[in-house]
Amino acid sequence: MTVAPASAETWREWLMSDRPQSRRQASLGRAYGAWRAFARNRLAMAGLGIVLALLLMALFADQLAPYSPTVGDLRTTRLLPPSAAHWFGTDDQGRDILSRIIYGSRITLFVVVLVAVLAAPIGLAVGTIAGYAGGLVDAALMRITDIFLAFPRLILALAFVAALGPGIENAVIAIAITSWPPYARIARAETLTIRQADYIAAVKLMGASPGRIVLRHIMPLCVSSVIVRVTLDMAGIILTAAGLGFLGLGAQPPSPEWGAMIANGRLYVLDQWWVAAAPGAAIFVVSLAFNLLGDGLRDALDPKGVK
Amino acid sequence: MKHSTFRAAARLISAGAFAAMLAGAAAAATPKDTLVVAWAIDDIITMDPAETFEISTGEIMGNSYDRLLRYDVNDPSKLVPDLAKSWTVSEDGRTFTFELRDGAKFASGNPVTAEDAAFSLQRAVILDKTPAFILSQFGLTKDNVKDKVKATGPLTLTIETDKSYAPSFVLNCMTANVAAIVDKKLVLSKEQNGDLGYAWLKTNYAGSGPLKIREWRANEILALERNDNYYGEKSKLARVIYRHVKEAATQRLLLEKGDADVARNLTPQDLDALASNKDIKETGTPKGTVYYISLNQKNPNLAKPEVREAFKWLVDYGAIGDTLIKNIGIIHQNFLPVGLLGASTENPYKLDVDKAKALLAKAGLANGFKVTMDVRTVQPVQGIAEAVQQTAKRAGIDIEIIPGDGKQTLTKYRARSHDMYIGQWGADYWDPHTNADTFVRNPDNSDDAKSKPLAWRNAWDIPELTKKADAAALERDTEKRKAMYLDMQAEFRKTSPFVMIYQMNEVAAYRSNVVGLKIGPTSDATYMFKVSKQ
Amino acid sequence: MAHAERVQGGGRRNARLLRAADSVGRFLVVILLTYLGLLAVTFFIGRVIPIDPVLAVVGDRAPEHVIARVREEMGLNKPLWEQFFIYVQKVLQGDFGRSVLTSNPVLQDIRRAFPATIELATLGIILGAGIGVPLGVWAAVRRGGLADQLVRVMGLIGYSAPIFWLGLMGLLVFYARLGWVSGPGRIDVAYEYTLTPVTGFMLVDTAMAGEWEAFGNAFSHLILPASLLGYFSLAYISRMTRSFMLNELNQEYVTAARAKGLSEARVIWRHALRNAMVPLVTVIALSYAGLLEGSVLTETVFAWPGLGLYITNSLQNADMNAVLGGTIVVGSIFIGLNLLSDLLYRVLDPRTRATR
């Protein structure tokens, strides 16, 4: 154990030390370095800001929303265009769209985060192991990946939801189960090109175990592509959840899930554009934020790109 | 390598833009002799009149197959001759004799004879597909149909029933698609393994109607063509083409642009928006389809009479009628749609939360309860479900909506494993018994019952009403019969676990150069052969 | 899958042939396994979805005895393992059965629906990759600059705007208002019965028949939905291109090439992109496969009788014969594209050719 330094200045020096005295210091130092790289990227910080704002919005939905997200009046407030009273207008049940979007951020965050957290690691692990191990392991893992990939996605998701039962949680699990294969393919493709690199050979010579090589030396290199893909997929995930909704397996009305709101708005696209436009814009902003965040992370984490 | 593909793509795009501009300039209205109808026709599964039972096929059959008689589109209580020029009923009311018109021909050129008529009815009963019950309910079975339905002369057909039913009931059933006359010679020439031409007729045509079926490409197109052998006034249009267009907004764009002459699945707000377009007209007719919410009596809360009544006070009929189903539906709280014999027009219920609360308190459910409702994710059904969810909440009832696709919710409904269900029922043939048979008849409420009408699906055990419905089907005095149906509807309104909401009003929007388009009360009475274009 | 076997210098003929036979054999086993997996999963789906397949055949109104008879005819009363056995047996004989919805043999249905989707997807991917790759390169070169942000926002709009919304807006603007393109459907009704379908590809059929007016019409129907799908894949392809290019531009050989005084264009397009193409091929192939699956929403909005609509509609009716047919087709495309991208790897990337 090293003795922890006292002042902020020395903390920094400790973290930035060229000669870390312990494993912990080294990894903390790396993390700090990554954070500094990340923080320098203004766009990435903007992305982070939006994501944090989304989090706050979800937390304080009760305080922020001007109206109830589930109560409307068919006679008096149906399909009103945006105005001072209803900033984003109202929907076909007379509900305030702004309030629905604010409350919907909870569901959206839940869906997006859960899918990313479930699907990305599976894909990464399968892809890198297959790519590095080669031979039979590769063949077996890639067969499974291919079967999943070769299957029309919505159909596979539908089958899983059918097995699990209706509800947004199950829809999320189904989407996660069906969305890892592309990550696996990308990770494997990257692994194949990295595998032959000199430094991997060097690590191997030093007697590192295959597990360690995959975990420590290959995965970090693949993470960046996978992150880019996952952040890009964010909007897709929200819209897939809506797609399941069409088959009756997504969010339950009157839940203000953004994808379901868009799906509902399609009937009004030609005359009451705001019903679909507002949740569409919300999805856009959030996926932009995740995308910026992802790019920032990619740059900060990429060991090849360290400045 | 990269550059060349890019350049190729660029070339392609510019070529495309050029071609597109040419075509755009050339794009004009549909051909003069062709009517293009944009309609969701993905429900079609067969072209065989002995098997069809879907909405869009109903219309196709109505235009392409003749039957013995039809009902008058302007007054559905009247019957008019089709292939039969006259008919008589025997003294005991059990034998019906039809005299066929002379000289009628099938599209194939074969003459229409009583043999064909007898074969068609026998075939429908023997094949025993879904709509066969319309004929077999008169005591016709596979074994006896060849004796009961006979050609007694070259142009004379007799049908014998097992009981003396109301004559209008029997004759009304003969207007249904399942009683359409097929070309015996042609159908039998295509027979495989004694299937009575079933496999062939699924995708082919053997009728005598004013239009003949030229081609059906599932989910894409259905083309009808003028039948020059038709006995009556020939169709003015050479062709009627139904294009499968599922999305309402797409239908509307096609219509506005003139690439479709008629659009059939527009939403209330589309119809509102089109009302101000001078190139477009609208026409609508109340259909024999009613929409309802039903309460499964297997759920102990829903089985309480007070709760059943409370739900009827928890629907904001007025607001729903003015918004969600504006133009496409009419509030209607009876199981018989307006237009059928004896249909009541009394609508006593309106939104009254306090009354509902009092009823719930009387049932010992003052604090409300939780219940699920299976809902198809289509409009206006989902919208109505959400509106009812809101109003029910005001009385403390928490409705959890379980969304699903049509077949999925239906599977659950038919298994009686739902709590609440929102759905619709369309008349199978133009007689009040069709709806009485399903809403107020439940001969056997056990799980393995032989017939499973809507009353059974909601476990509504009603021996008394069942008897009344049976008696009404046999009543030969029309006025008395009418009174019996009014009586059943009054009781149904009070006690049934069905919250009847509205009767469908089918609206078509069409280009103003289309003349003579009229939506029929049933799908098989929308006659495209009477339409022309200026 | 299928790694390069080490090729020994001056190998003998026999050994080579043996190895070739061996890898062909392995390849066949791999394909067989994938198909069997697809079959099993489809079968499983058909049995777990809570939709009664009998309903699609007889509808809602059928009397109980008709329902019971049809259930028997469809073999749904047999034990599961027996149903699966019969199912596999039939498929192995090339009998995919009939679709209950269309009454046609499934293969015939697919022969009609699939060309519609291929036409759309191919033009879509040509547009998507043809524009997406250069945009991605541009964004990578101008990393952090205005160009980069522009490409990002443009791509993201394509990604997060609901496709039916873009589709309807596209129709509203380019079809209804401006009249630049034709509307929904594959061809105008006026041309519907002027030509006989041979290949099922409208463009090919009209071109073969020399009906250039119809060809133009078919193209003007195709261009809008194809652009939409292209835009959708462009978003993804340009992002991935940017990411791969950034990786390459950091490499030493790029610095070396620059140091040698090669022009910047040459460094980027000849060297960096060439290497970035390796993983990019997978990305483009996957996007293409995704487009070939058919997009239900696009096909719905454009009344396009393609595979996506066919499969979804069949699934909603538990018409499992049709679903299986569609799945096998989608699966085959995937396997094919997969092989192709593996092959391209080896051609494009010297590293995967190296000895183990």
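By letter and in written order, the chains are A, B and C; residue numbering begins at 1 in each of them.
The rule we apply is simple: a contact is a pair of C-beta atoms (placed from the backbone, for glycine too) under 8 Å apart; a residue touches a chain by one contact, two chains touch by 3 or more.
Heads up on the chains, UniProt names are A = D-ala-D-ala transporter subunit; B = ABC transporter substrate-binding protein; C = Peptide ABC transporter permease.
Worth saying up front: this structure is predicted, and the values here are computed from it rather than measured.
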Among all chains, whose Cα centre is located farthest from the one for subunit C? B
Innermost chain, taking as reference the mean of every protein Cα atom displayed: C
Just how far, in Å, is the C-alpha centre of subunit B from the one of subunit A? 46
Distance between the CA centroids of subunit B and subunit C (whole Å) is 38
Inter-centroid spacing, subunit C versus subunit A (mean Cα positions, whole Å): 24
Flagged in subunit C as touching 2+ other chains are 49-50, 164, 168, 172, 316
Residues touching two or more other chains, restricted to subunit B: which are they? 247, 249, 253, 405, 408
Which positions in subunit A touch two or more other chains at once? 247, 266, 269-270
Given the complex, residues on subunit B that touch subunit C span 2-3, 5-6, 8-10, 12-13, 16-17, 19-27, 30-31, 34, 36, 38, 42, 45-46, 53-54, 128-133, 202-203, 217-221, 223, 241, 243-247, 249-250, 253-254, 256-257, 259, 405-408, 410-412, 414, 428, 449-452
Of subunit B, residues touching subunit A in the complex: 247-249, 252-253, 267, 269-270, 273, 316, 319-320, 322-324, 375-377, 379, 382-383, 385-387, 389-390, 400-405, 408-409
Would you pull the subunit A residues touching subunit B in the complex into a rising list? 70-75, 78-79, 92-93, 166, 245-250, 252-254, 266-272
In their shared complex, at which residues does subunit C touch subunit B? 49-52, 55-66, 69, 99-104, 109, 112-113, 123, 126-127, 129-131, 133-134, 164, 168, 171-172, 175-176, 179-185, 188-190, 192-193, 213, 215-217, 219-220, 223, 269, 273, 277, 300-303, 305, 309-310, 313, 316-318
Please output the residues of subunit C touching subunit A within their complex, sorted ascending. 1, 3, 30, 33-34, 37-38, 41, 44-45, 48-50, 144, 149, 152-153, 156-157, 159-165, 168-169, 172, 235-236, 239-240, 243-244, 246-247, 250, 278-279, 282-283, 286, 289, 293-294, 296-297, 308, 311-312, 315-316, 323, 326-327, 330-331, 334-335, 338, 345, 349, 351-352, 354, 356
